[in-house]
Structure formats: C-alpha cells, structure tokens
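In this document, chain identifiers A, B, C, D and E correspond to the written order of the chains, with residue numbering beginning at 1 in each.
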Amino acid sequence: MITDILFAMKHELMIAVIIFILLFWKIRSNEPNNALVMALVNGLLLLSTLFFFLNPNESMLFNQMFKTNVLTHFQKSVLSLGMLIVSAVSYAWLLKNKNLIEFYILMLSSLLGMFFMISSSNLLMFYIGLEMSTIPLAAAANFDLQRRKSSEAAMKLILSSSFSSALLLMGISFIYGTCGSLQFAHLNNLLQHTPLTVFAMVLMFAGFAFKISVVPFHLWTADVYEGSPVPVTAFLSVLSKSAVVFVFTNVMFQVFANLYQSWVLVVALLAFGSIVVGNLFALRQQNIKRFLAFSAIAQVGYILVALLGESVQAQAAIFYFLLIYLFSNLAAFGVVGIISEHTGKENIDDYKGFYKTNKFLSWVLAIGLFSLAGVPPTAGFFGKLFLMLSGASTGNYVLIILASLNLVVSFYYYLRVIRVIFMDENDAPIEKTEAGLFPRLALMLCILGIVVLGLYGPAYEYIVQIVEHY
Amino acid sequence: MNAQEIIFYLIAAYILGTGIMAVSTHKIFRASIWLLFSLVGIAALYFWMDLEFIAAIQIVVYVGGIVVLIIFSIFLTQKAGDEMPAPLKSRTLPAAFASLFALAFTINLLLHHNFGSASEMVFDSSVERMGLAMLNTGDGGFVLPFEAVSMLLLAAMIGCIVIAMKVKKEEAQ
Amino acid sequence: MNLLLFIFIPLLSAIGVLVSNGLKQVRMVAFIGSAIQLLVAFYLLNQYQVAKDLDGTALMYFEQTFAWFPSLGIQFHIGVDGISIAMMLLTALVVVAGVLVSFSMETLHKEFFFLLMLLSLGAYGFFISLDIFTMFFFLEVAVIPKFLLIGIWGSGQKERSAMKLALMLMGGSALIFVGLTGVYYFTPVLADVRTFDLMSIAKRGIPMDAQLFFFPFLFVGFGVFTALFPFHTWVPDGHSSAPTAASMFLAGISMKLGGYGCLRVATFLMPEAAQVYAPWIIALSTIAIIYGAFATMMQTDLKYINAYSSVSHCGFVLLGIGMLTKTSITGAVMQMVSHGLMTALFFAAIGMMYSRTHTRLVSQLGGLLKVMPFISSIFIVAGLCSLGLPGFSGFVSEMTIFVGAWQNPNMWYRIATVLSCASIVVTAVYILRAAGSSVMGEIKDSHFTSLSDAIWNEKLAAVVLLSGIVIIGIAPFLLTDLLSPGADVIMGKLFNSIK
Amino acid sequence: MTPISLTHLLILSTSLFFIGAYGFLTRRNLITLLMAVELMLNSVNINFVAFNKYLYPQNIDGIFFTVFVTTIAAAEAAVAIAIIINLYRSHNSIDVEDAGEMKY
Amino acid sequence: MRNIITVLLIPSLPLFAFLLLGIFGNSSNLLKKGAGIIGTTLMGVSCLLSLQTASNYFFANALGQTAFTGNIVFKYTWLTFGSGISIDMGALLDPISAMMLVVVSFISLMVHLFSLGYMKGEERFSTYYAFLGLFTFSMLGLVLSANIFQIYIFWELVGVSSFLLIGYYFSKPSAVAAAKKAFIVTRFADLGFLIGILTLGFYGESFDFETLIQRLTDHQSPQFLAISTASFLGVTGLTWGLLLVFMGGAGKSAMFPLHVWLPDAMEGPTPVSALIHAATMVVAGVYLVARLFPVFALSDQAALDVVAYIGIFSALFAAVIACTQTDIKRVLAYSTMSQIGYMMFALGVSGYGTEGAGFSASLFHLFTHAFFKSLLFLGAGAIIHLVHSNEMKDMGGLRKLMPITHASFLIACLAIAGIPPFAGFFSKEAILHAAHQNHPGIYYIALFTSMLTAFYMFRLYFNIFWNKDSHHHSEHGEGTWSMKLPLILLGIASVLVGFIPFSHYVSSDGAGLETHVDLLFSVAPVSLALLGIMAAVYLYMKPSNKPEALAQSLGLAYVWAKNKFYIDEIYLFITKRILFNLIGKPAAWIDKNVVDGFYSLSATVTAEFSNTIKGWQSGNVQAYAIYFLGGILALSTLLMYVLK
C-alpha cells in the first residue's frame, strides 16, 4: 500500500525531497556553494526524469483526487527533463545568483504544482496545482531584483493571473453549481449543454487560454517573457505551457465532452486568432525574447488546431509536438539566455555576424528556430504537420488552409533571425562566448532531441500507444 | 418577507455598498477600510447562512491577514491620505461597459438556469466534520490539497522574503 | 540495387565534409562523394534495364518499405521507375558539376559543401520516394539549404532574394500540404489504415469532388517550385543572387522537383481533376512561356536572363503536363532533364565569367570569346541548347512537347501551342542578344585581356553537363525508352479515368 | 430557504464579482488592484458556499473549495504585495500607468 | 550495304572535320596549321563519293527503268512519339536529292579550296574550317532527309552554322548583328515550318515524306479527308500546313518579306557567302517545296499559287533593288534573291507529271545557278581580297589586274543574264517557257525581270572591271592557285552544265520529260537581256554622270529602291517598337511591379497591419484585463446568440 503510493507519487515526492534538502541546506549555511547546489539539483532532476521507467503504474489516490498512469508519468518525466534543461542552460545566471536556493525552491514548487495539476482528476486539485505552478513563478520572475523590467514582469504576471484565476474560479463555481461534483469522471456525465454550462466552459477555457497564451488572453506573455530572468522565461514558455496543455486536452476531451460542439468553435476561432496575431506581432519584434514569446503564441495556435481532431490522434499529436517544442524552444532560449547573460544583448540586430564568432551557438539557435518553424529534417516539421493533420481529420479545411498559409509568415520571421545570424555583416559582432559544460551538454541534448524525435518514428508511435491506452 | 430575508437584503446591500466604495473612493487608505467592511459583511453573510466556521476563517484570514497586509503595504508605499489619481476616461468607459454587460449577461444566465429544487437535507457544517475531512486520505478526505497548499504557502513565503527583503548596499551596485 | 544508397552516400559525404579540414580536403570529399553518387546513378540505370528485362510489368523497381509512422500510415517507401531514374541521373550530373565549379570557394567552404550535399540528399530522397509524405519531407529538406546558400554566399541583394525564395517555396509547400491532407483523408480507408502511399492511393482512387477541391492546391503548390505563373518571381531574384553552384542546383534540380511533383503527385493521383483543370494549366503555362520569354528579352544581367528564360522553359514542362497526352508528358520529363542540364551549364558558364570579370551585365562584357574561348564557347553552346538547336537536348524535348501538344485537336490548345512555339523565336532573340554582346563583339574593358580561361575542374564540370546534353540531343531514344513505361502508367491512370 | 434566495445570493455574488472586476479594470494603484481581486475571489467563495449549502448538502466540496481559495488568495496576496513593494523600490511609484515600460 | 556506307560517309566526313577541328583545332598546333588541308581533303573525298552516288543513281542503277523512284538507303527510328509517329533518321535518294548532293558537295569543295588562300593567316583558321564542315554536314543531311522532321533538324543546323559563319568576325559588331538577324528571321520562318510540320504530321499520321506524300495525294485516304475537312479561319488544314511549311522555305530562301537577312548576311567571309548564301542554303526553300511538290500540285493548287506569286514578286522586287545597290556583295545577294524567286514561281506555275515542266525547270535553274552564282561570289571575294572594300566606287578597271577573275566573272554574268550558250540561258528559258504556258501574267513580269537582271549584273561587271582606271596595284596578284582553281572550274561548269538534259533526269514524278529548246521562243528573253546589257554598257562602261542623272530623273522610285523599300525599317519598327517596347518592356515592368509588386505589397501590408495593431499590446495590465474580459464576453455571446 505504502509502496504503491510511493511509486505513484514518485515524481512529486522526489521534487518535495529536493525542496526540503535545499531548505535545510539554506538553513545550515547562508552562503552555499552554488555550483554544488546546481550539481545536486540537476542530478536529482535527472533521476526524476528517469523515474519514468520505474514502475509507471496506474492508480487513483486520495479521494480520487490524484490519478496516475503511464501518460501522467510520461508527462511528468518530460517536465522534469525540461526543468533539468532549463536549469542546465541557465548555468551562468544561476551561478551568480545570491539566492539560488530560494530560486530553486520556487521553481521546483512550481514544478510540483504542475505535477499535481497533471495528476488531478478533480477541479479542486486542478485549481490548486494551477495556482501553485503560477504563484511561485511570479515570485521567481522578480529574481532579477535590480532590474526594473523584472519586477514589472512579475507584477504583470501575478496580477493578470489572479484576475484570470478569479474568472476561472467563477467558471468552476458554476460547474459545481450545475453538477454538484468536482470529479472529472462524474462531470463527464453530469455536465449538460445549457447556456450556463457553456458560459462556465468559456470561463474555464479562458483560464486555460490565459496560461498557454491564446489570443486574446495572451497579452501578458510577451511582457513577462521579456522582463523575467531567462530561466523563468524558458520555464514559462515551455514547462508551464506544456503542463497546462496536458491538462487542457484532458479536460476538454473528458470533462467537456458534452459541450464538444461549442468548444470546437471556440478552439477554431482562437486557433486562427492566435496564429495570426502571434505572427503579426512576432514580425515586428526587435527583442529576441519578445520575438520568441509571440512566436510561441503562434505555436499555441497550431496546438489548438490539432485539438479539433479526433481525440486520440489530437492528443498524440499534441503531446508529441510539445515534446519537440520543449527541445526546440529550450535550444533557442538556451542560446538567447547564454548570450543575454554574458553580453546583456537581447536585440535581434545584436546577433548580426553571430555566426562568425560563435559557430556552435549559432547552429544550436538555428536548429532550434528551424524546428520551431517546422523545417525538416528537424522534428518540428513532423510535430507541426501532425498537429495540422490531426486538425484536418474532422474536415476543418478552411482553418487548415489558413494555418498553412500562416506558416509562411512565421517562416519569414524565423528566417529573419537566421539571416541576421548567418548573413548580415557586422563589424562588432557578439564576441566569442564560452557556454560552459552544463549548458553545452544541455544544448546538445536539445539538438539530439530535435533530430531524433522526428526521424525516429517509434517515438511518435509510443506516444500514440500511451494515449490510446488512457 | 420574513426577518431572515430582510436581514439578507440588508447584508447584501451592505456588502455591495461597501464594495462599491472600496473600488471607487479616491483615498487609498479609505479604500482599504471599505474593503475591510465589505469582507466583514461577507463574514456576516456566512453567519447568516449558519456557517460559523467559514465566517471565522473569513474574518481571520481576510480581515486579520490580507487586509492588514494590504494596509502595511500602503504604509510602505504611500503617504496616508494621498489622493489617488483619477482613473483614465479611456479605461473607465470600456471597463464600465464590460462589467455591466458581463453582470447583466451572467445574471440573465443565472435567472434562466434551472438549478433544480433545493435539497431538503440538512447541511452539516460542523467543525468536526470539516476537521475529519481535512485530514482524511480516503473517501471525502482533503488531505492532499491540504498538503499541496502547505507547500504552496511555503514557497510563497520564501518568495516574499527574497523579493521584499531590502537589498544590501553592495549588492545594489 | 539498394536505393538507400541514394540517401546514405550524400549523407556520408555531408558528414565527411563536416569532419574534414581545409578547403582541399573538403572539396575532395565532396567531389568524391558526388562522383560516387554519379557512378551509382549509372549503375542504377544499368540495374534498372536488367530488372526491366527480367520483369517488364512492374510499375516500380527496387521497392523497399520501412515503417515510419505506422499509425498515421506514413511509410518510408522507396522505389523507382524510368522517370525517377532520369531525374536522378540529372541530379547526379548537376551535383558533380556543381561541386566542381565551386572548387575555389573561399569563405566557409565546409558549410558550403555540407549544404550542397544536403541539397542533393533532398533531391534524391524526393525522387526515390513513393510515399507522398516522404516526398514532401524531402522537398522541404531542400528548401533551407537553398536559403542559406543564397543568403550566405550569394551576391547582390542576396538576403532579400534568399528570403523571397524561401518564403515563396514555403508558400508552395503550404499549399502542397493542404493538398496532401486532402488526399490523405479523402482516399478511401482500407483495413482501418489511412495511407500516404502513392501507389496505393492511386489504386484506391480519390472521389471526384475531393479531387476538384484539392487538385489546385497540389498542382499550384508544386507549380510554385517550377515557376508557374504568377508564382515565378522567386526564380529571377533567387537564381541571380545565388552562388554559381546554388544557381545550378536551383534551376537544374530544384525547379524539377516541382515539375516531378505536378506529374507524379497531382496529375497521377487526380487524373479526373487534371482533365478538368487542364485548360487553366495550359493557359498559365502558355503565359509563363511567352511572358517569361519577353521579360527575358529586357534583362541586362546574364543571370537574370537565364533565370527568366528558366521561367519560360519550365513553362514547357507544365504545358506538357497540361496537355495530358503521352507524348507531351514524356516531353515534359525530357524537358525537365534537358533544361536541368542546360541551365546548369549556362549558370556554370556565367559563374566562370563572373568570377573573372566581376560583372554580369551584358553591357559591360564583350569580346570574351577572344580571351576565354572555352568559357565563351560553353556559354554559346548552352545558349544554343536553350534556343532549341537540334543536336542538343533542348530540341528533342521541346519538339516532343509540341508534337504531344498538337495531338490534342482542341483549337484553343492549338493556339496555346502555337504561341508557345513562337516563344522559341523570342528565345533566339534574347539568347543571341546575350551571346552577341557579351562573348562576341568588341572587348569593352581592357583588363579583360589579361584574364585566364577555364581550369581543369571547370572544364570537367562543363564537359560532364555538356555530354549529358549532347547524348540526349543525339540519341533521344535512350531517354524516351527510359521514360516511356512511366508515362504509360500515368496515361493508363488518365485513360481509365475517362471511362 | 427557497431557491429564489439562492438566486438572490448568486446575484449578490455576481454583482460583487463584477464590482471587483470594474475596480480591477479602472483603479490605478497596484494595491487597489489587488484589493479588487480579493473582492472577486470573495464573491466566488459566496458562490461555492451557497451552492454547497442549498443544492448539494450531502458533500462539503464547496466549503473546502472556499477554504482553499481563501488560503491561496492569501499566498497570492502576499507574493503580489512583495512584488509591488519591490516594484515600488525601482519605480518609486505603484501607479499602473508607470509600470508599462514593456509594450508593443 | 556499300551504298549505305557511301551515303553515310558523304555527310559524315565533313562532320568529322567539324568535330576534329572544332574540339582539338585550337589545342593542337598541327591541326591549327593544317586545318585547311584536312578540311579540304575530307571534303574532296565527300564530293567524290557524292558524284559517285549520283552517277550510280542516275546512270547505273536507273538503266532500263522508266522512272526514277525514291530510294530509302537506310532508316533508323530516332525518336518515337506516343501515337505511332516517329522521327526517323534516314537517307532518301531520289533525283532531286542526288542532284543536290552533287551541287552541295561540289560547291562546298570549291569553297574549301578557295578559302585556303582567302582565309590564310586568320587567327581562327581551324574554327573556320570546322564551321564549314558543320555547315556542309548539315546541308548534306538536309538534302538526304527522308523525314520532314529530319529535314527540320538539319534545317536548324544549317541555320546555326550560317549564324556561326556570318558571325565569324565576332568582334565586328555589324557581323554579329547580321548573324543575329539572319538567325532570328529564319527562326521566325521556321516557326511556321514547325507548325506546318505538326499539322501535316498530325493529320498525315506520319512524318515520313513518302508516306506523307502518298497519303496526302490520295484523295480517298482517311488522312486526306481529315486534313481537308479540318479548317481554321476558313482555310483547310492542308493549305495551312503547306503554307506554313512554305513559310519556312521562304525564310531560308529569302523570299519577300522574309528576305531582309540575306543582304546583311554578306558580313560573313565571302567564300561563306558563296557557299551558303548563293548556292546551297538559300535554295533549301526551293528544295523543300520540291520535296513536297506532289502534295502541292495534286492536292492544293491554292498553296501552289501562293508560292508562285511570292516567287515572282520576290524576283522582281529584288531585281529592282539590285539595280541601285553599290556594295557588290549586296548586289549579288539581291540577285540571288531574285533568281530564287525564279525558281519558286517556276515551281508555282508547274503542274504534276507531264505538266511538270516548271518543276524540272526550277530545279534546273537551281542547279545552274549554284555554279555561276558561287562563281560570282568567289570572284567578288577575290576582288575584295585585292581592294579591301565592298564598294563599287573603290573599284574599276580591274580587268588587267586579275584576268582570270575577270574572265570567269564575265562568264558568270553572261550566264545569269541568260545569254546562250551559257548555263543560265537553258534553265531560264525552261522557266520562262513553263510560265508562258501556265501563267502568262507571271511570264511577262519574269521577262521584264530578266532584262533587269542583265542590266544590274553588267552594271556590276562594268563598275568593277571597266569604268575608271584602277589605282590599285596588286600586292599578291590574283591570289594563290587555290583561289584561282575554283574560279576556273566553276567557270567551265557555268558554260557546260546547261547542256545537260536535265528534265530527263529530274522531274516531278520521276518519269522524265523531253527537253525542247524552242529557238523562236528564246528570241524575246535573249533580246531583252541584250537590251539590259546595252543599257549597262551605255551607263557604266565609262565613268560619267549619266547614272546620277538617271537616278535623279527616277526620283522617289530610285530613293525607295535604294533604301530597299524600307522593309528593314518596317521590321525594325515592328521589333523595336512593338515587340520590345509594347510587349517586352511592359512584360518586364509588369513582372517587376505588378506580379512581384503584389508579393511585396502583401509583405508591406502585413507589416503595416502589424504596426497598426501594436496598440493592443499597450503594456498596461488593466488593458490586458479588458481584452481578457472582452474576449470571454465576445466568445460567450457568440456561442449563445450567434452560432446557436
């Protein structure tokens, strides 16, 4: 019994253990050795990632509030891996940080919140997980204590998110009011198609949409990405988003199955809106982090496109895409973070002539961007195409056509960066930057992921298998 | 209209009135006090609903905790009695329109929704029941959220400390 | 014969380029890789003949299937017929020549040759694929190397051109993708599995209304790659900004990917729709032919001249496809091969001239025949091939298209054919203008007199391409025999559909 | 208690919610924004409690939801205030209009 | 089998010369020096083989036969088109091709020989011989073609070798321009040819001459019915096909209005003019019509009439212009055009079989003309070699300096003027006779033209050899023996070939016609020719201002003729103004601004739009919240009230 719980909650327990170790470490010594802390955390995160292979069983615990199965284990491992990469690529920033342990505690708490959210089968746990993944992150966003932008970003994040969670809560309360239950499994049957439930659905949808930056609930994204410290930005853009999407697909297909007709419309509309608005804004960005933020908004649009498809295919495509997206985006953010930390340069134009001085980083950034853009042979190509293929499976050709054509626009801005890196002349390019061992390893891992995930078909097939099963 | 109802409407009017004052007064300190009144009014509503436990939490956490925190922060960032700048017209109009529209929209939905007949069952909201549920791992237990929230509070606390702590001089450079 | 060689050899050469050091080593690796590839391509031709003699009925030869994404019905299914072999030979020739003319690449040579190899990988992969998703994959694999090649090593407004090219090709890809999804979802499901497999889709057939809706997407999408009017504007800018080898690749191979796709995917899979849309295809390609030719006449930059003429010449490919007769389709493929070789030769000659004189403007060149007779002769020969002189490949392919086109007794089709024929006169005008004032005439710049003629690698490149052109020109039956069975299969599909 | 009263309670909470929302949308001081959010959360709490008591007395999910919302609101408020104080240090103002450096 | 090899060798030897000299000519010193010898030797062998083949055909094989038939020596399927039609490479021996073989190879040999001296010391000597080889190969291939598409292939090759040879002096802009013009104008004509081929081939379901002729002359065959019922713009498919094919022929043969390239083509080395633009390539059009003559004559009289009218008009038109030109090569060029006009209308007025006197006469004239016209050109070459100018005013009194040239030139002039017993007399008589019988109108014009011919030829002759005294002194005499020998040989030929009973061997149906010289009939043409010569004697024998006075009195007519009736200007107007300015420039402009502009515009619009909506991202958290709330309300309203 106890071992069952241990195995079921292995990820959560692992993260909690790390948090407590760090807490005690902080209590024991006020000026801990940052490198050591990082080594420990990274090691344990690696362990947590590998936990996936440790008896990924199926269970339902704690008053049916906590469910686990292969899929959730998989998702948690993916998130652990993401956290590991974030932590590794931000090596330089973290090393200098005076409050490293606190920072880790916040990030890990946020991760823990995501785990709870992923495993939630109950609106209460979902809500707690959601808040738990956001509130510490808002604090972490402010960790560049001296930067004006950092606190502005944190402020925008916490206020926007509290506003959004108030609306989300209102939606939850209406659902509770109409159904009398918070359990996903019950809601599936209890939820009837009435105006009030549709409204509640929209409210909840908006809550999700806020977290994954769907237009028009996306407006905080770029500002927060720009202002936050790079690890937080990377975390937000990849992990928060992935975690919420994991739950989102689940909620949409499971809880709101009866409202399918309604939410499909919303999803289609917002998918188109996100793609277009994300693209249009990304076109004109100068700051590379803002640029990545808007491009991420467009990417989410494509995820929503996939959501229109048949449940299994859609979820498989989305999870597959997120896995690729994690590697691609972290590769891009990793390089941006390294450069930003070493030189303070964040403008796209600063990257002129980057290839002359930093070949490795240039290629990593380029491959990351290619993958985001969906260019073969990177995995992003497969990810994006499978998303759209899934979207087309229910015959939404108009949307598919529009989304495909928007790919061209997105291509423009990704290539713009590539062009700056490889083609533009510059007398004073960014000087040669030594990334360090951890970041290099992490970036190579990203590249490996980007290359292998697409070309190696069984990766996708495995996800399909898991999804089909649950 | 019986006494219960009259009391309800009074409390409702009180909550809304103080709420409106809280979001419209120009003095920030007064606003916090109006908020305090409004929250107390909500506690009163809980009392009216025979939910003493919730009412108590409302008073302890909100009135005793959050509002005090807010007042502290006001002191840290403002001089008492400062007039706040008036809201921008460009913001007020759409905001008012959106809020009113949303209000009408929601109320319309609520009025037209059939919630079914009220249950005749007596609602047992004793502190004992809640206590047992809070720490129960089995059916009807809430121990997991309880633990999760405690982790959240821990994290929030640590975050607050780091952010709000005065930065030492040499770090500032 | 294992077709995977066509994936692995370029891949290994690319990796070899990455691990070698110094220009000499890098270019030798690239050259050896591409030369082996050429030999293997000829070996494939040989093996194909052998296999064909053993079993003349198979639709595809050397087929291999590997599961890739089985749940989506995506396979790595490869196989060839005569048409693809012809295209692969073309690719092999152009790649060798492209590597040879780039021997003196100074900046970032490693990257340069790496990208060239990647580009050839894309082309080979595209031609051997029998799964339309895989085809699409390889089609796109080839896009980014082009962008980088133009943008990094190009000249003039290279970045703008690179961007334009990449975006328009991506636009084409986007259309293709929409078409692919349509094909995918509207092909009847067998045994609960959808498929991207070319042959099985062809076997299952696509319902008419789906064909009508999705054919334009596929055709226009591939058409963008092959400079279908009005989606051709990437061609002039892209070709003229690209470094020599990239121009050769672009015009020689890359544009052919589109033509091949139009034929193999769009027309083959949706024959009924092809018949419905044939007038449109013909109209657009006729416009491309005439309009491209006239636009060429006004150009002053040699590369622009060749680029616009490529628009015009590739119009013939689409015209041949649009006419939907066996002869015209065979002619279209011949024209692809022929134009590929010819235009590569042309670009090679222009590149050699440019690298010496540092100008490509017709008005500034002149009298080069005196100082660099070899290069100038190559230029003239390429020009003569372009204007369809007998003895070179251009003639036979154009004639085949015309004869094929004329077999369609529709009066409007005939008028289109006549107009297209008329373009060969215009071609003569611009080719002779270009040749007349750049290599003939008086030497306009005194420093030209001190310039040297081609060196061995350049000569070898020219000879490689030229031999292809001449062999096809003198013995076209070799090519038609190769293409004929493939054309028959496509025609079979077309005629079945008429019933 | 009649369902009408439930509806009345809901109307009360909804009104309060949108009063809070209006406050959030219009006030210029960051702290008042936070106060407006508290009003909104409270109104949701009323909803939960009312639904639980009048419609689903067999369970106590609603009550617990309220409890946790309250707790989380506290955490949120704490973090928000810390952030606002930090912001005040760098900006010397907590006017919303002054904290809009990053845009477009 | 031996026959095949012989016939194959005839064109192959020049081709071999081309390949050898073209590829290795510049790299090997031996080849560079010996190019002329090699080329000439190979050509000589080829010529001997041609003579042997022809004599075999006409005399040995045909003994005892009543009619000469076409004889396909070999045939190889070269390119198969889907529906059973194919381009075959073959060699067809019949009277006209055998005759042409002799003409082409003999004249070519003469030119090879002549060039040994004429082109000596040229930098690109070997290239020159390579090109000559290429041309000869193509021309021989054209002559031997058994397939209408094959003829088109060699037709194009001939065109390109002509281009290369005219542009031989590539650093001379006028030469390059002339080469371009020649190529493009003939290319334009070939467009018609090609479409004609396509039409005939499509309906005739074959490209083979024999099959095609057989099917299209059999009025019951399905192919004939199909092609004569198909019509476009009210004209039958057959007429279209034949006229378009004739258009190709007219282009190569410089018939009005496609003649403009021929005078300019004189920019090439003079021996080249002698070979290509006098004797061989320019008569390809006549040859082509002759090839398809049965179809013209038996199935489509209308097309044949067009041939006749264009022929006679060109003959007259060119003769008039020739009277006014001062560049001796241009005079010769216009005279060539005029003479080809004769050949054409002779075909045009001819009937088939026993009515086919015109056909034989035309080819007879082709035959004789080849000799004396190339003689004229070579002579002109020798003169130009001496005086280094093409203009009449730089010449005069050369008869003493270059006696052999003078004598041969005179023979040629007499021949072309139609004075008996020179070769031209017989052929021209035959033509006039045929015209007189079938088409009196044409006959009278032709008569007048023959007077003009005599006039301008002797105008030329006197201006060169008489008129004023020579101020030249011969540096290298008349030139080497290699230059003189061809003149002598051709002179002898120009005298003798007229006596061949030509129509006996060459006739429209192969059956042979009896030649009869009607002395009475000859009176008129000969006396008119003498009249023309007299006029020339009167005007040009001695230096005088009579020519100017005459020119003055003719006024506008003279100016127009002198300016070649402004045909060049009309062409220039059409190409420059209409094609370049009205089509080319707009096309380039549209491409840059409209088509490409559309893409640029869409990019700009996108960027502008992006700029316009940037305000959404105002940086203010409350504004974000309003959008948030607004989004929710909009979606819910949409779901509940709009998209119910």
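Following the convention adopted for this analysis, contacts are C-beta pairs under 8 Å (C-beta built on N, C-alpha and C of every residue); 3 or more make two chains touch, one makes a residue touch a chain.
If you're wondering where the values come from, they're calculated on a predicted model, not measured in any experiment.
Student: For chain A and chain C, which third chains touch each of them?
Tutor: Chains touching both chain A and chain C: E.
Student: From the centre of chain D, which chain's CA centre is farthest?
Tutor: The chain lying farthest from chain D is E.
Student: Considering only mean CA positions as chain centres, point out the chain farthest from chain A.
Tutor: Most remote chain from chain A, centroid-wise, comes out as E.
Student: If you tally contacting C-beta pairs, which pair wins, D-E or B-E?
Tutor: Result of the comparison of D-E and B-E: D-E.
Student: When the mean CA coordinate of each chain is compared with the mean CA coordinate of the whole protein, which chain is closest?
Tutor: C
Student: Averaged over CA atoms, how far is the centre of chain A from the centre of chain D? Could you give it in whole Å?
Tutor: Here the centre of chain D sits 27 Å away from the centre of chain A.
Student: What's the distance between the Cα centroids of chain A and chain B, rounded to whole Å?
Tutor: 31
Student: What is the distance in Å between the mean C-alpha positions of chain C and chain E?
Tutor: 36
Student: Just curious, how far off is chain E from chain A if you go by their C-alpha centres, in Å?
Tutor: One centre to the other, that is 76 Å.
Student: Two or more other chains touching the same residue: where does that happen in chain E?
Tutor: Within chain E, residues 614, 617, 619, 621-623, 625-626, 629-630, 632, 636 contact more than one other chain.
Student: What are the residues of chain D that contact at least two other chains?
Tutor: 10, 17, 20-21, 24-26, 33-34, 52, 55-56, 59, 64, 68, 72, 75-76, 79, 82-84, 86, 97, 99-104
Student: So how do the chains connect up here, line, ring, star, complete, or something else (other)?
Tutor: Other.
Student: For this structure, give each pair of chains that are touching.
Tutor: Result of the pairwise touch check is A-B, A-C, A-D, A-E, B-D, B-E, C-E, D-E.
Student: Could you pull out which chain D residues touch chain E in their complex?
Tutor: The touching residues are 21, 24-26, 33, 96-97, 99-104.
Student: So in the complex, the part of chain A that touches chain B is made up of which residues?
Tutor: Contacts found on chain A: 16, 19, 61-63, 65-66, 98-99, 102-103, 105-106, 109-110, 112-113, 116, 124-125, 128-129, 131-132, 135-136, 138-140, 142-143, 145-146, 154, 177-178, 194-196, 199.
Student: With touch defined as at the start, can you tell me which chain A residues reach chain E in the complex?
Tutor: 155-156, 159-160, 163-164, 167, 195, 198-199, 202-203, 205-206, 210, 216-217, 219-220, 222-223, 262, 265-266, 269-270, 277, 280-281, 283-284, 409, 412
Student: For chain B, which residues are in contact with chain A within the complex?
Tutor: Residue positions touching the partner: 105-106, 109-110, 112-113, 115, 136-145, 148-149, 151-152, 154-156, 158-163, 167, 171-172.
Student: Which residues of chain A touch chain C once you look at their complex with the stated criterion?
Tutor: Going by the criterion above, the answer is residues 316, 370, 375-377, 381-382, 385-386, 388-389, 392-393, 395, 397, 400-401, 404-405, 407-408, 411-412, 415-416, 418-419, 422-424, 457, 460-461, 464.
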